Amino acid sequence: MSEYIPVLIMLFLAAATAAGMIVATSLIGPKKYFAEKMEPFECGESQIVSSKQRFSVKFYLVALFFVIFDIEAVFIYPWAVLFKDLGWFGFVEMMIFIAVLTIGLVYVWRRGALEWE
Amino acid sequence: MSDLMKDLHTEHMVINMGPSHPVTHGTVKFLVTLDGENIVDMKVDIGYLHRGFEKMCESGTWQQVIPYTDRLNYVSPLINNVGYALAVEKLIGIEVPERCQYLRVIACELSRIADHLTNVAAGGLELGAFTAFLYFVEARELVWDLIEMLCGARVTVNFVRIGGLKNDLPQGFQDKTRAVFKECRRLWNDVDKLLTKNRIFIDRVRNVGDISAEEAIAYGFTGPCLRACGIPYDVRKAQPYLVYDRMDFEVPIGETGDNFDKYLVRMEEIQQSMKIVEQALSQLPDGPINLDLPQYRMQPKEDIYHRIDSLIFHFKTVIDGIKPPPGEVYFAVEGANGELGFYLVSDGSGKPYKCRVRPPCFPLTAAMPRLMKGRLIADIVPTFDMINMIGGECDR
Amino acid sequence: MVADLIESIAKIVFVFSVNLGFFAPVLGWVERKQSAVMQDRIGANRADIFGFTAIGLFHSLADALKVLTKEDFIPTGANRFFHTLAPFICLVPAISTFVVIPFGGRYELFGHQVNLVIADLDVGILFVFALASLATYGVVLAGWSSRSNWSLLGGLRASAQMLSYEVAMGLTIIGVLIVYGSLRLTEIGALQENFFHWGIFLQPLGFVLFLTCAIAENKRVPFDMPEAESELVAGYFTEYSGLKFVMFWMAEFLEIVTISGIVTSLFFGAWHLPFVSDQELLSLFQFAGPNGAALLAMLVNVATFFAKVIFFIWLQMTIRWTLPRFRYDQVMRLCWKMLLPLSLINILITGLVVLVL
Amino acid sequence: METNVTIKKLSNRFPGAIIETHSHRGDDTAVVKKESILEICTFLRDDEALLYNFMMDLTVVDYLGREPRFEVVYHLFSLRHNRRVRIKARVSEADAIIDSIVPVWVGANWFEREAFDMYGITFKGHPEMRRILLYEGFEGHPLRKDYPIKKRQPLIGPIN
Amino acid sequence: MGVTFGKESASRRIVPGGTVSDGPERLLDGSAILTRLQAAVNWGRKYSFFLYPFVTACCGMEFMSVAGPKYDLDRFGAALPRFSPRQADLLMVVGTISHKQAPILVKVYNQMTEPKWVFAFGVCAVSGGFYNNYSVVQGIDTLIPVDVYVPGCPPRPEMVLDGLLKLQEKVAKERWSDWPRGAAPVTPMLKKQE
């Protein structure tokens, strides 16, 4: 576990730097707040609809695909590392797994979930 | 996808794109209704640069309109100058000397080159190709050097006079033109390499903003946007004015009218315009550049100072303005964006009774919702750019 | 134990200062200057300290001072906590991803084993992906919490794009893992001692795919959909001002460095000089005694590594200033319909070749 | 020259609707009754010998002190025959309404809105008759001859 | 050249000529450290303008040239256009401002974060130019405070660069107390209807 100590130190340093920056910038600098300034920017006009609304479902779909494909990709990592030990058997087995993955991709593709137009 | 989406309730996002937005040139507002990234509906609001052109024209004399025409299409002011002067000359019923006509052709084409360079440059900039943008700005800078040499100003030139020109060709213009065009062609080739065969650029512009020829005509498209649809309508060829009938040049046309065709048409027109300038310079005849009609065109300064009749005419034309006979004319020239028409009404006084300009990019901008409906928000960028909406001209 | 600690701290200080003290400000300058050179311009060169301009390097300092004293701003209706948290989440992984990238080999110095990597984790490359995917949250939160429609669109684009490319990036790397049989970046680096065992030769397709995915993951032109200026004003950080906004940029610049580091480690022989093996290098510096030789070899290796990193930074900058921007659907199509199948094919081919040979 | 083919054809087809014609400086012009503008425009667009497929320009001239006060001016262009024609319809101030020609040329949409904005002529049947160059809340029509050139109606103060 | 400093306004006093006069403000601004710090910050600010290009009209063409290779605004550290007012320091008002545009300009100005400067680029922004009619604002200083006026129709790029240098001089002389500047001193009058 000891090799993780430097990682923690680094993370801590990074966090301290980032936090320091945020604190510094929020302390330093002139401040003046008034209603018009605090409105969200929309090209010099007032916002018509709030951004807190339901937006297009396509973005959620991508998130779903990500979960599916990325989780499966994670299964491939240990196989890849031990690839030479597993030999042909492992290869064929993993190819079947990837084929299943590909079928999923083809399905998604054919259903048009990857189209944005 | 639609079967998946059917039961899902999502709200459309209505968003102001503009007026102060990088793609809208600060003078247009697109009220875009978005479904995710797709444009469901679009409304265009213009008029943010309405500067009262016609009202200003009506308040000044006929000559005083020329500076205002400069600021119509400020990317190619010389064409506006020439168009207005030609319209007034048609109203009076005079024709300028041949040398003047050649010089006007040169001026027009230089302006057209600058306009197309700017347009393609801005297109590149907005698609993220910053380097292509700066290459063409550099090329435009060279063309502007030429224009500055000719007129004394870079952007708003105020060069053309009714019945003549402000001045004759300066010394060494031919040589400078040759040098500038050589450099321009080099930069043109660079940008051609950077964009025309660039897969990303082609993907962004091809099959976007396409329109059929019939529809384009119904919307009143002219200029490169109409020619991109395959209609070879060019005022310079259809109703030749000045000495365009003596010039040998081609009118490039596209096929589908999409942004790529518009881009290609503009790129090719830069080349053709350079050709025209070179021809005009080689054919340039000697002779006067101004009409010898003191009631319309100011006499030379020496005469004004030394001859009483010239002085009186000078006085009369400056104070009262020139007085075209009553009547009305419409005269169209090929602007950089399309047919630039001037409709003038004279009541016989020194001031224009009505000075209407037909702005070529006005109907083009009006077609934006038609071009954009059902497209992606990113498609607004190249489409609006290739329409080349110029605020001064569209809003006047 | 004490020596280990000193070594670790020395390495951390080194990486930290190189990243934040050198690369972050200098890359801002490089971006300006390189674009200037490519565009026939001169570029920033006026900021001076006592008359010295250092070819414009001080402009980065001026920028830093300016943004630090700029007003800090959070729009009303924005989620103040997440709005503040977002740049933090973006920057922290960007700084700390470098811990697993080896910037040199193993050396025997004064009887002490020096391994020039801050943390030689056995999950190595996975750690990079883990931290990199954290940055996605920063971007999405920034877009979501600002209550601006442009930010929201930018954030949505970012979420979809970064998630998609993470899948593709994860799969492109598998070819390399098959070839080298390890997740440890130090091991992968050590296996590339022979010039012809560099990843670029063993995994040419993997290299191209990985670089593409990495640039897309970093949201740089031509993949800068989430901040596409001409479409979304400034995308997900439209509502950020001053230093918070620059933190996103710093994160971007640091990620350029990290990407260059990973590409170098995986595909470009890590710290190795071409055609010179470690032994040869050591014997070259025999005149300085065993410790001196190790030290010199270390210096050469570190220099080689950073030279390669700088080359890849240059490459990324060149790409950024040459290409126009993709359209959003094209970016997604490229990922799901081109890169993903290609990376699967890459796995297949690599597996077959490795097994047959 | 076959300059006034259009005018001849128009006069034959709509003898009652043509008020006057001229060809000053070669520009064929026909002043028509405003009631028949839509009909005439459709005819001009569709007749095989004319085919005015372009509606190049639409504007209004304000002849203050004359009755009817306004003239709506249409400039048409035929691509096939390379010919132009100017059609004018007179509109009085009291009844400043004319038929919209958007059904004939869709491109006339914005031109008519501009005419409404600048001169206050209402186009009947126009899909969206509202201001285009000026803002909602602007009172009056600035290009009318009786609108003072410097009469400002700023959206934001102070008045300048 | 024809570049002038902005008018003095209540919240900002500019000391022309360079030296800060002896007087109460010297005591107020106090210690040498503060002055040094202020000088350093001003140095940073003057070499790092992020522009907000509020480009509307003809002057935009010259603005492109100024940013272009021949004149290269980037030399002065002012090349980075930020289209979000939060990130911009220098509002470049390039071109004519009509009454329809005026609320937009004021809003963008108001939405900019402190410190912020305004650059009136071209005679239309300076005074309305020769458009003295019903639709054009007679100078943006009737709406927002302006720091540098660069007349010309449009101004030549050299003039713009000169104006930028003048602005840098001005920024170098600023004091802490000059900030924040706050909202534009105008209020909406005509209510807009949708």
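The first chain written gets the first letter, and so on, giving A, B, C, D and E; residue counts start at 1 in each chain.
The definition used in the following text is that a residue touches a chain if its C-beta (ideal position, glycine included) is under 8 Å from a C-beta of that chain, and two chains touch if they have at least 3 such contacts.
What you see is a predicted model; the values in this text were computed from it and never measured.
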Set of chains whose contacts include both subunit B and subunit A: C, E
For subunit C and subunit E, chains touching each: A, B
Per Cα centroids, the chain farthest from subunit E: D
Leading chain pair when contacts are tallied as C-beta pairs: A-C
CA centroid of subunit D to CA centroid of subunit E, Å: 44
Distance between the centres, which are taken as Cα means, of subunit D and subunit A, whole angstrom: 58
Whole-Å gap between the CA centroids of subunit B and subunit D: 24
Computed distance of Cα centres, subunit E from subunit A, in Å: 40
For subunit A, residues contacting two or more additional chains: 29-32, 37, 39, 41-45, 47, 49, 51, 55-56, 58-59, 115-117
Residues within subunit C bordering two or more other chains: 39-41, 67-73, 149-150, 152, 156, 229, 233, 238-239, 242, 328-329
Two or more partner chains touched - positions in subunit B: 13, 15, 19-22, 36-37, 47, 50, 52, 55-56, 59, 134, 138, 376, 395
Pairs of chains satisfying the touch condition: A-B, A-C, A-E, B-C, B-D, B-E, C-E, D-E
Subunit E - residues contacting subunit B, complex: 53-58, 60-62, 64-65, 67-70, 81, 83, 95-96, 98, 100-101, 104-105, 108, 130-131, 133-136, 153-154, 156
Residues of subunit A defined as touching subunit B within the complex: 42-45, 47-49, 51, 53-59, 61, 111-113, 115-117
Touch list for subunit A against partner subunit E, complex: 29-32, 34, 36-37, 39, 41, 43-45
Residues of subunit C that touch subunit B when the two form their complex: 35, 38-41, 149-150, 152-153, 156-157, 221-222, 224, 228-231, 233, 321-330
Residue numbers on subunit E that touch subunit D, as the complex places them: 99-100, 102-103, 106, 132-135, 137-139, 142-143, 186-194
